[in-house]
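You will see subunit A twice below: alongside subunit B first, and alongside subunit C after that.
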Partner chain A sequence: MAAKVSQSEILGWVVEVFQKEFDFGGDELQLDTHLIDDLDLDSIDAIDMAVRLEERTSVTFSDEDLKNLRTIRDVVDLIDGRL
Partner chain B sequence: MDASSDSASGKAQPTSWSRIGERGSLLGIRFTAWCYRMLGRRGCLPLVYAIVTYFFLTDGKGRRASRAYLRRVDATPEGHRAIGHTPGFLDSYRHYCAFALAIVDRLAIWFGALDDFEFEMHGSENIDQYTEAGRGALILGAHLGSFDVLRRLAQRSGIVVNVVMFTANAERINTIFREISPETETRVIAVDPTSVHSVFAIRERLRRGEHVAILGDRIEVGDRDRSIPTPLLGGTVELPQAPFLLAGLLGCPVVLVIALRSGPWGYRVFTELMAERVVLPRRERETAVAALLTTYARRLEHYCKVAPYQWFNFFDYWGDAASTSQPGCPGDGGRPADRTVSS
Partner chain C sequence: MIARASRVASTGISFAVFGIAGLILSLLVLPFVRSWPGTAREREFRCQHVVRHTFRHFIRMMVALRVLDVEVRAEEQLRQPGQLVVANHPTLLDVVFLVSLMPQADCVVKREAFSNPFMRGIVRSTGYLPNDLGGALISAGAQRLRAGRSLLIFPEGTRSSLSALGPFRRGAAHMALESGRPLRPVVIRCEPPSLMRGQKWYDVPERRMHFSIECCEEIDPGDVVGATENRGAAARKLSAALRDFYEKKLQTPGH
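So, the complex of A and B:
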């Protein structure tokens, strides 16, 4: 049985995707960082994020999932719940 | 008319094709399909001309749109040479007849007469290279000539092409095609360009090495707040960002394909590589897409001048008749108050 992935490990993946694909600095990316208010993501960015994270984690996001995401913590929790 | 008045509503194409519901084309396709089944191509043609004449005489908006378009083409030196004179009433009728012939060809192909046509291929290596490498490409087309020819040619050559369509019309068109040719698998993907589900569905097909075809010259309902004013034939039109956004998200090449009717049983198929890979820097995404759309529009303009009567957008494409944006039309979309990333 595969070992449970920790939340901090998932956060690391998310941060890596945001840094690599969206050019954000590491200190901008905290658990409570708001995707729109702080990072100024729009709906295309959200789809981009979903595609990149799916490639990284194999977790598929639905449209409903994306509608409910507000912070990086939400993204981490969603991936954590699906792994 | 200058560019500023063309885009007076902010987002053009106010008499949107999706509002019209492709009145002529869907009703006409169904009726001509019945005629074709009963009478064959030769017997069907006089009836098709009669139907077209009826639509031409009763469709004032379509006539005006045709005339406005032809005048734009005529205003260019190459377009004027192609038309040969200042376009008038009869030229609009000829424009309508060209649409009817395109429908009849489409039916002929759907009824299994593909091999009766001759296709003159130009630049097909631009798509073959990806087919041979098992790499999916985004094939960009327009309501210019016959996009359906491409799909059937691809099927004959063993290439899989999925056609992306706006949901409501996709279902109606699929229904008609199923009636005409029940044994033919129609690979039409009904999408919402702002849906991650659609993006995943398209990615899945590209990963299998299949191609995905999309018409890029009309704003769909889902594109309302994702269009960019783009110069075309002396005016400005709103073109959807969706094809290039998709290509950017999925990292696939973009190939332009235009199939123009050259005679009763002939087509010239032009294939051009538009982008080996679409790169959309997040901060300059709109600028990058605008540049690609400008290139796309230039190529459309070129082919409009080559075959002026094969542009099949019979609505107020440049927004010449519009003064204000109407509810439910492209351009009235706004960002909802709920601040989630996929609103």
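So, the complex of A and C:
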């Protein structure tokens, strides 16, 4: 049985995707960072984020999932709940 | 005082004419023009031609009524086909000016225009694109650019407020990157500031509006963005560079 992945490990993946895909610094990427207000994520960015995270985690994001994500914590929780 | 009252009346007449013309175009003229035989592209171009000439006459009327005057610099640059034209959006009339200057333009417009009775016939028959399609808008825009069609986008997505240039959405930057086409910036200035977001049409200024429309040199995405950058980072960088360009331009007055 595969070991449960920790939330901090998932956060690391998410941070890595944001750093690589959008050139954010690590300090900007905290659990409570707001995707739109703080990171100015638009619908195209959200798709790019989802594609990269799907490649990294095999968790798929529906359009509805993307609409409901508000913070990095939401992204981490969604992945955590589906792994 | 009398001159100002006269301009309030002239402005009212102008917008009434615009609304009536929009209805006539939407309900009668464009459905008829669109019904003539031809490919979808030919039909859209015919309708765009009608809209362009209607807008030209509308501007001539506003100039004749002394509501505004307009000066266009490097207008010939807007006549080239297959261009990605971007502009700041200070007033209600920006799209009217630019459409009247471009021989062919696919505009990216707000979704509300597709349900506005004065506008819906125009935006549907001309093949204009709604701005809420996300990734599909980028693909459609890039495809049209590659097919030699010109696109007109206001990166602010809505009119500027009185205080400042608004934040830029990144759709135009994405389209430039996906299509490999440069951005053609157009700088629109209106003195005194009028018809901006938050201003009513009847808040006419003390003197006649003077519009200055300046067509600038193209911005090549390759000069701004590195070859290996990811799409998201590249679009952010290009969009920031474009906004920076406008910030600097708007600090200098038009002539």
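Basically, the second predicted complex is superposed on the first by the 83 of 83 C-alpha atoms of A that agree within 3 Å, B and C clash if a C-alpha of one lies under 4 Å from a C-alpha of the other, contacts with A are read in each partner's own complex, and residues count from 1 in each chain.
The criterion applied here is as follows: a residue touches a chain if its C-beta (ideal position, glycine included) is under 8 Å from a C-beta of that chain, and two chains touch if they have at least 3 such contacts.
Computed from a predicted model, the values in this text were never measured in an experiment.
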Simultaneous placement of subunit C and subunit B on subunit A, clash or fit: clash
Contacts of A:L83 with subunit B and subunit C, given as first, second, both or neither: neither
Partner, of subunit C and subunit B, that touches more residues belonging to subunit A: B
Partner chain in contact with A:I47 - subunit B first, subunit C second, else both or neither: both
Subunit B versus subunit C as contact partner of A:K20, first or second or both or neither: second
First, second, both or neither for A:L69, with subunit B first and subunit C second: first
Intersection of subunit A interface sets (partners subunit B, subunit C): 22-23, 42-45, 47-49
Interfacial residue positions of subunit A with respect to subunit C in the complex: 20-23, 40, 42-45, 47-49
Footprint of subunit A on subunit C - complex, ascending: 134-135, 138, 167, 169-171, 174, 229-233, 235-237
Footprint of subunit B on subunit A - complex, ascending: 22-23, 35-37, 41-51, 54, 60-63, 66-70
Complex contacts: residues of subunit B adjacent to subunit A: 194-197, 199-200, 203, 226, 245, 249-250, 282-283, 285, 339-343
